[in-house]
Every structure is written in C-alpha cells, then in structure tokens.
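Common to both upcoming complexes is chain A, partnered first by chain B, then by chain C.
Let's look at the complex of A and B:
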C-alpha cells in the first residue's frame, strides 16, 4: 500500500469518525429515542410485580425475559426508526449535501452514519442491560439463587447485534427510499420476517416456499439466533461472525447503492 | 426490442445475495421449526405476533402464567394447550418442558377420572398420560441432564420400568451437570432389573469422578456399595 493510499485511508477513517460523532449527538437529541428508552425502563421496572406470584427460582428467569424483551423491542424500534430518521434528517436538512461538498467520500459519510447509530444503540442496550442486571441481582439474593451475571452481559450484547443488523438493513433501504416512512416501514417488516424465519422453515414442503420465495427466506438473517438467554456454549464466535457479517454485508451493499443515488 | 440491464445497479443486490449465501454456512442453533406447529391451537392469543416482534421469551412466560391460571381452574384442555404452546415457543427452556410433562403425567389423569371407575381403567389412563409426557420430554434431541432425570423418574414412577429408568439415569449421570443421585439410582435400578454385573462395572468406572469432599456425592457410601457388590456377585 502506497503512502498516498495510507493517507486517503486515514482521512476516510477520520471522516467516518467525525460523521459518527455528529450522528451520535443527533441521536441524543432525538426525542423518540428517549421516549423508547423510558418505555423500556418502565417495562423493566414493571416486571417487578412478578415477585407477588411466588414462582421461586423461576421468577428470575421471568424477570430477565421481560427485561430483555423490553430492551429488545426498544432497541429494534430505535434501530429501525432512528436510522431512517438520522439518514433523512441529514438529506432533507441539506447537511449531507454540505458535508459531501467537501472532500468526504459518500461511503465515509454513510459508514459514519451507521457507526453513529450503532454507538447510540450500544448506549441504549448497555444502560438498560446494566439496569436489568442491577434489578435482578437484588432479587436473586432474596430468592437464594445464583445471579447469571455473565449471561446477562452476553444477552445485552446479542440484543445489540440484532439491533445492529436491523439498523444496517434499514440503512440499505434508506439508500433507495425517498421517505423515512417507507424506509422505517420496510425496516420493521425486515425485523418481523427475520423473527419468523423458523416458522417459514417449519413448512418446507409448502409450494409457496419453493423457488424464489424459498431462497429469499433462506438468505434472510435469522434474528431469533440472537434471542437472549438461549446461549449455547461454544457458539459465541460463530454468532458474532454471523451478526457482524450481516452488518458488514448490508453496509457494503448500502455504500454501493448510495454511490449511485441522486442527492 | 432491446432489453437493457443496469449492471452497476444490480451490484448491491449481488453483494447481498452472495454474502448472505456465504453466511448460511455459519452453524446456528438446532432447528426448532417443527415445534412451532404446536402453536396452532393458540392462534389469536397474540403469541405469534409477539414472537414475530422478538418477544418469544416474554410471550412464552405469559402463556405459562395463563396455563397456571387454567391449572388452578382444573381446565385440562386449556392447561395442556397453553403449557405446550409455552414449550413450543421456548423449546430450549427445560423449566417449561419438565413442568408441562409433570402436569400431563400427574395432574391431567386425575382431573378427568371418574371416582367410580375400576382400578384397571385408572391405571391405564395414568400410564397413557405418562407416555404422552415422556413423548413431550423426548421430543427435543440433545436432552439435558435435567430432562433425562425427569424422563427416568417418570419411566420408573409412572410405568414401573426399572430397567429403562436405570438406563436413563445412567445417561443423565454421564452429563457434567447431572445431580449425583442420578448415578446412585441408576446403579440400584439396574441391579433390581437383574443387570448387577453391568451396574457394578459402571459404578467402578464412575466412582473416581465423585469428589471426596462433597457430601452430596456420598463417595464413601458408594465405595462401600461397590465392596458389597463385589462380595455378593464375586469377581
């Protein structure tokens, strides 16, 4: 690699970092993200009523299920709607045109947007996972059962990965779509189909699932692989590779599509 | 008419398809597709939409709570349907599978039983339910130690088959997370089934794995049992 290439790579990375920082600050100012976070917080806190049901050791599992369910739905909503909002916010506000008028490659701008969205998602998933962990730690002590700290951290990471795939897929749709509504709707549909993939596989003999439709179903990312607390020992690296692979794939395809888009 | 193909425009899709095809080779969890068929009876309860939105685990919990409410009402159909649906949504959770099997084996046959029915009818009814519970327990490949222990317990208590129960306890005892009593019961049940020599040899191989300092392992007691078997059976 020549010195010129090194310099251009360094400047591209610097541009990605700058756009990511800008996107992160936009995400922090986005009210729906705070609203979603607060709703997830309420759901996690509300799960405490389970203690009245006297389930014994199983109560902890139920608490974690509800806690991670709240984090999962909050993170997916922010991933899909937030990515569409951040992308079109810059396009409609002419911020993208302003940035791209400078020597910033389109790919750097797009990847910076994605990195910023993933950073915001990491903050959301991380803080809510810490809260879930703290809530369940006290309850585990009261119930006299072991507190699955490592499992909680892993589950938070899996939810972030799932949201990251949804965010990258939405970004890919954004590069074709003309409105955030269309991109957000398509992103939500992507999430639903990703969760229903095992159901589709349950009827392999159905005529509708043969041919093109069947191939699409099989190539769709299986988002149920990232369901928390279903961790299978020894699958961590494969799962991370699967998740990050899809993120990279959607980001690469989005960069290719965005390079030909009229701004 | 000339058909023009926009090749650069297809590049993102080609990247997606090829990359996704490559990613399919990444090993995933065992396919749980078949178990989704069990959700048919609870269509309309919100379980499927919840699962579609990534709320599989909370949906299973809610179904389980509803199964418990049905259990309190002694509504056999609703209890079994809802409990099985919870298992279908979260097949990898032993808690749902084991407790559903216990409900099917021990509660359901008693609820619908006519008190005036002959003892033989009651016995056959219980055995039939135990078999259904065992089918549920065995329906997922790669049993955990807890599921194997439950299968052994039901086989012994419900069907009175000491030999099969002994083999299942032995399979459970081979697992790293098995309780120590699985190995002890395996030895005793296989002796009762007339396979004392085989039980002794397995006990001899299993003993070194028992920690001496753990009172639950009862190593000293099992060593004494091995000496006793050596004396009774001979070399």
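Let's look at the complex of A and C:
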C-alpha cells in the first residue's frame, strides 16, 4: 500500500469517526429514543410489582424474561425507526449536502451514520442491561439463589447484535427509499420476517420454498437466534460472526446503493 | 482574456440529466470555465441552474455526458477537495449551534486546532454571526441562515466556490457584503459559479454568464456586453419566464 493510499485510508477513517460522533450526538437528542428507553426502563423497574404474574416459572427467571423482552423490543424499535430518522434527517435538511460536497467518501458518511446508530444502540442496550442486572441481583440475594451475571451480560450483547442487524438492514433500505416512512416500514417488516424465518425453514420441502423464494428465505437472517432464551452454550463466537457478518453484508450493500444515489 | 490553453476549472460535455420521475432537467449541455473567473448561471425557474451546480458538487450524476472539476471526475474525492458549496435555501439540524456546525464541517475539510478556530472566527466575523454563533442554527433568521451557509462554503478557502442563489434572503447590507465578497474572491483568483435571479448583481460582479432555458444553454458571454444580460433575459419568450 502506497503512502497516498495510507493517507486516503486514514482520512476516510477519520471522516467515519467524525460522522459517527455527530450521529451519536444527534441520536442522543432524539426524543423517541428517550421515550422508548424510558418505557423499557419503566417495564424493567415495574417488574418487581409484576412478579406475582409469573406462570409457574421461578421469580428470577420471570424478571429476566420481562427485562430482556423490554430491552429487545425497545432496541429493535430504536434500531429501525432511529436509523431511518438519522439518515433522512441529514438528507431532508442540508447536512448531507454540506458534508458530501466536501472530500468525504460517500461510504465514509454512510458507515459513520451506521457506527453512530450502533453506538446509540449499545448505550441503550448497555444501560438497560445494567438496570436489569441490578434489579435481579437484589432479588437473587433476597431469594438466596445464584445471580446469573454472565447470562445477563451475554443476553444484553445478543440483543444489541440483533438490533445492529436490524439497523444495518434499515440503512440499506434507506439508501434507495425516498421517505423515512417507507424505510421504517420496510425495516419493521424485515424484523418481523426475521423472527418468522425458523417457521419457513421448518418446511424445506414446500414448493413455495424452492427456487428464488427459497434462496431468499434461506439467506434472510434468523433473528430468533439472538433471543436470550434460545441461547445454545458454546455458540457465542459463531453467533457473533453470524450477526456481524450480516451487519457487514447490509452495510456493503448500502454503500453500493448509496454510491449512485442522487442527493 | 483568452481561455486558449488555460486549465479548465470545470467542464461539462454533452451533459443530460433526467430524474426518475421522467423530468429532463438538462439536455445535452456543454460549458467550461477557466480558473480564476467568476461566472453566473441565469435563466427562468426550472431552467437547470441548480442541477448544474449539483452536478459540479458531485451530489448528482449525469444521465449522459461528462462533468469534470479541476481535471477530476465530478463527485470524486479529489474533485471535492477544493470545493465550497452553498445549497439553495440552506437548513440546519435543530440541535446544532452555528459554531458546532462550522467546527464539524471544518474538520471534515481537513482543518483542525488553531487553524480551524481562526477560520471559524474569520468567517463568522465576515458573516456578521459572531453574536449568535453559540445559538442553535435553527433559531437563526433566514438571512442569518444564508450567511451561515456562505460561511461554511468558504470556511476552508476552496479554489472553486459554487453558490446556489447566494443573495436569497439577504437584506440590502447582506447583498452589498456579498458583492464585496465576490469581488474579493475574484481578486484572490478563486473560481466562482453562482446561480442568480438578481441580474444587476450578476452584471456588476461576474465576468461570464450562461443563460439557460429548459435545460439548454442558449447564450453565454460577458454579462455586461453590447447587449446586457438583463436585456437578453427579457427577450426570452414570455412563456419561458412564466414557466417557473
């Protein structure tokens, strides 16, 4: 790699960092993210009052399921709607034009937006996971049972990975969609289909699953793999690779589509 | 001034642009400009002025033909390295102050440290924004927004400056300041292309003009020539002028 290439790479990476920092700052000021986070926080915090509702399971298990359910739904909503908001916010204002008339590669801008969105999701998942951990630690001590700290950290990571895939997929839709409504709607549809993926895979001999449709079904990411309840011991690295691979795949497709988009 | 052998600051060759909805914004247009000149794109609304500027800034791509800026393909990173661009009716995120915006865009242009602070101070002073620089940019008046747009376009001292309707929303003082700025840019041998409906200013400050109509170049030359630009504009068919 020549010195010129190194300089280009360094400036491209610097641009990604600058755009990511600005995007994170933009996300922190987005009211819906705070609303979603507050709703999840209320649900997790309110779990102590809901614990009598459990249906035969252990109380700690109920608290964890409720906590991770709230984190999962909140993170997916923010991933899809937030990514569309962050992308179109820059496009509909003039921010994208200000930035992309400068020597900033379009891929750097796009990856910066994605990195900022993933950073905001990490903050959301991380803070709610810490809250869930603190809540269950108190109950575990009161009940005299072991506190599953490692499981809690791992579950928070899994839910972030799932949200990261949804965010990258929504960003890909954003690069050719004309409105945030279409991008957000398609992103939510992506999430729903991703959760139905195992159902489709269960009938591999169905005629409708042959050919192109079958290939699409098989290529579609299976988001249920990231559900903390379905965790299979010993699959951590493979699952991280699966999730990050899909993030990279959607980011690459988004960069390709965005390189030719009129602004 | 002869342009023979000069290095072109920008060059459009046989450029057409169609948008997905089927509208043809430009129709086989060719134009070029030597470095250090100050040129205006004029014409009725919808004649293709903004499309030419966006093509030069690399924000859109031609359907056919080639666009080159400083010898590089428009839109490439080297072409954008020495470019300053003011879009039409600039708008800003509600949460960013003027200073934060300039700081962010300055860094993306390669400025940093004391050089960036000095550039922000200089441009803010020129734009008359020093007193409001730490307020959210969305609270600015439309004239202040336009001045902030001009400040960001000139922050990094670009060699080629593209200004889309720079006089829009400016008060008389702002328009006089803009005229001074254009004269100074010309004295510094920077290349400037602006679009404008304000023909007296074009005639007073620009040394070249392109008159567009329905995506075609119908005349180019010295705006203060034997037949002044404003007279040529009036001679356009009335339906063309009313089309916008």
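We adopt the following convention: the second predicted complex is superposed on the first by the 253 of 263 C-alpha atoms of A that agree within 3 Å, B and C clash if a C-alpha of one lies under 4 Å from a C-alpha of the other, contacts with A are read in each partner's own complex, and residues count from 1 in each chain.
We take it that contacts are C-beta pairs under 8 Å (C-beta built on N, C-alpha and C of every residue); 3 or more make two chains touch, one makes a residue touch a chain.
All of these numbers come straight from a predicted model, not from anything done at the bench.
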Clash-or-fit label for the pair chain B, chain C on chain A: fit
First, second, both or neither for A:217, with chain B first and chain C second: neither
Winner by number of chain A residues touched, once chain B and chain C are compared: B
For chain A as apex, the angle formed with chain B and chain C - C-alpha centres, to the nearest 10 degrees: 170
Touching partner for A:71 - first (chain B), second (chain C), both, neither: neither
Touching partner for A:260 - first (chain B), second (chain C), both, neither: both
Contacts of A:164 with chain B and chain C, given as first, second, both or neither: neither
Which superposed partner A:128 touches (first chain B, second chain C, both, neither): neither
First (chain B), second (chain C), both or neither touched by A:103: second
Superposition-derived minimum Cα distance between chain C and chain B (Å): 13
Chain B and chain C contact sites that coincide on chain A, given as residue numbers: 260
Contact set on chain A toward chain C in their complex: 8, 11, 15, 18-19, 22, 25-26, 29, 89-90, 93-95, 97-105, 260, 262-263
Complex interface listing, chain A residues touching chain B: 53, 58, 61-62, 65-66, 68-69, 72-73, 76, 162, 172, 175, 191-192, 195-196, 198-199, 201-202, 218-225, 227-230, 232, 235, 238-239, 241-242, 245-246, 248-250, 252-254, 256-257, 260
Interface residues, chain B side, partner chain A - complex: 8-9, 11-13, 15-17, 19-24, 26-29, 31-34, 36-37, 48, 51-58, 60-61, 65, 90, 92-93, 95
Parts of chain C lying in touch with chain A, wherever the complex brings them together: 19, 54, 57-61, 77-78, 80-81, 83-85, 87, 90-93, 95, 101, 104-105, 107-110, 149, 152, 156, 162
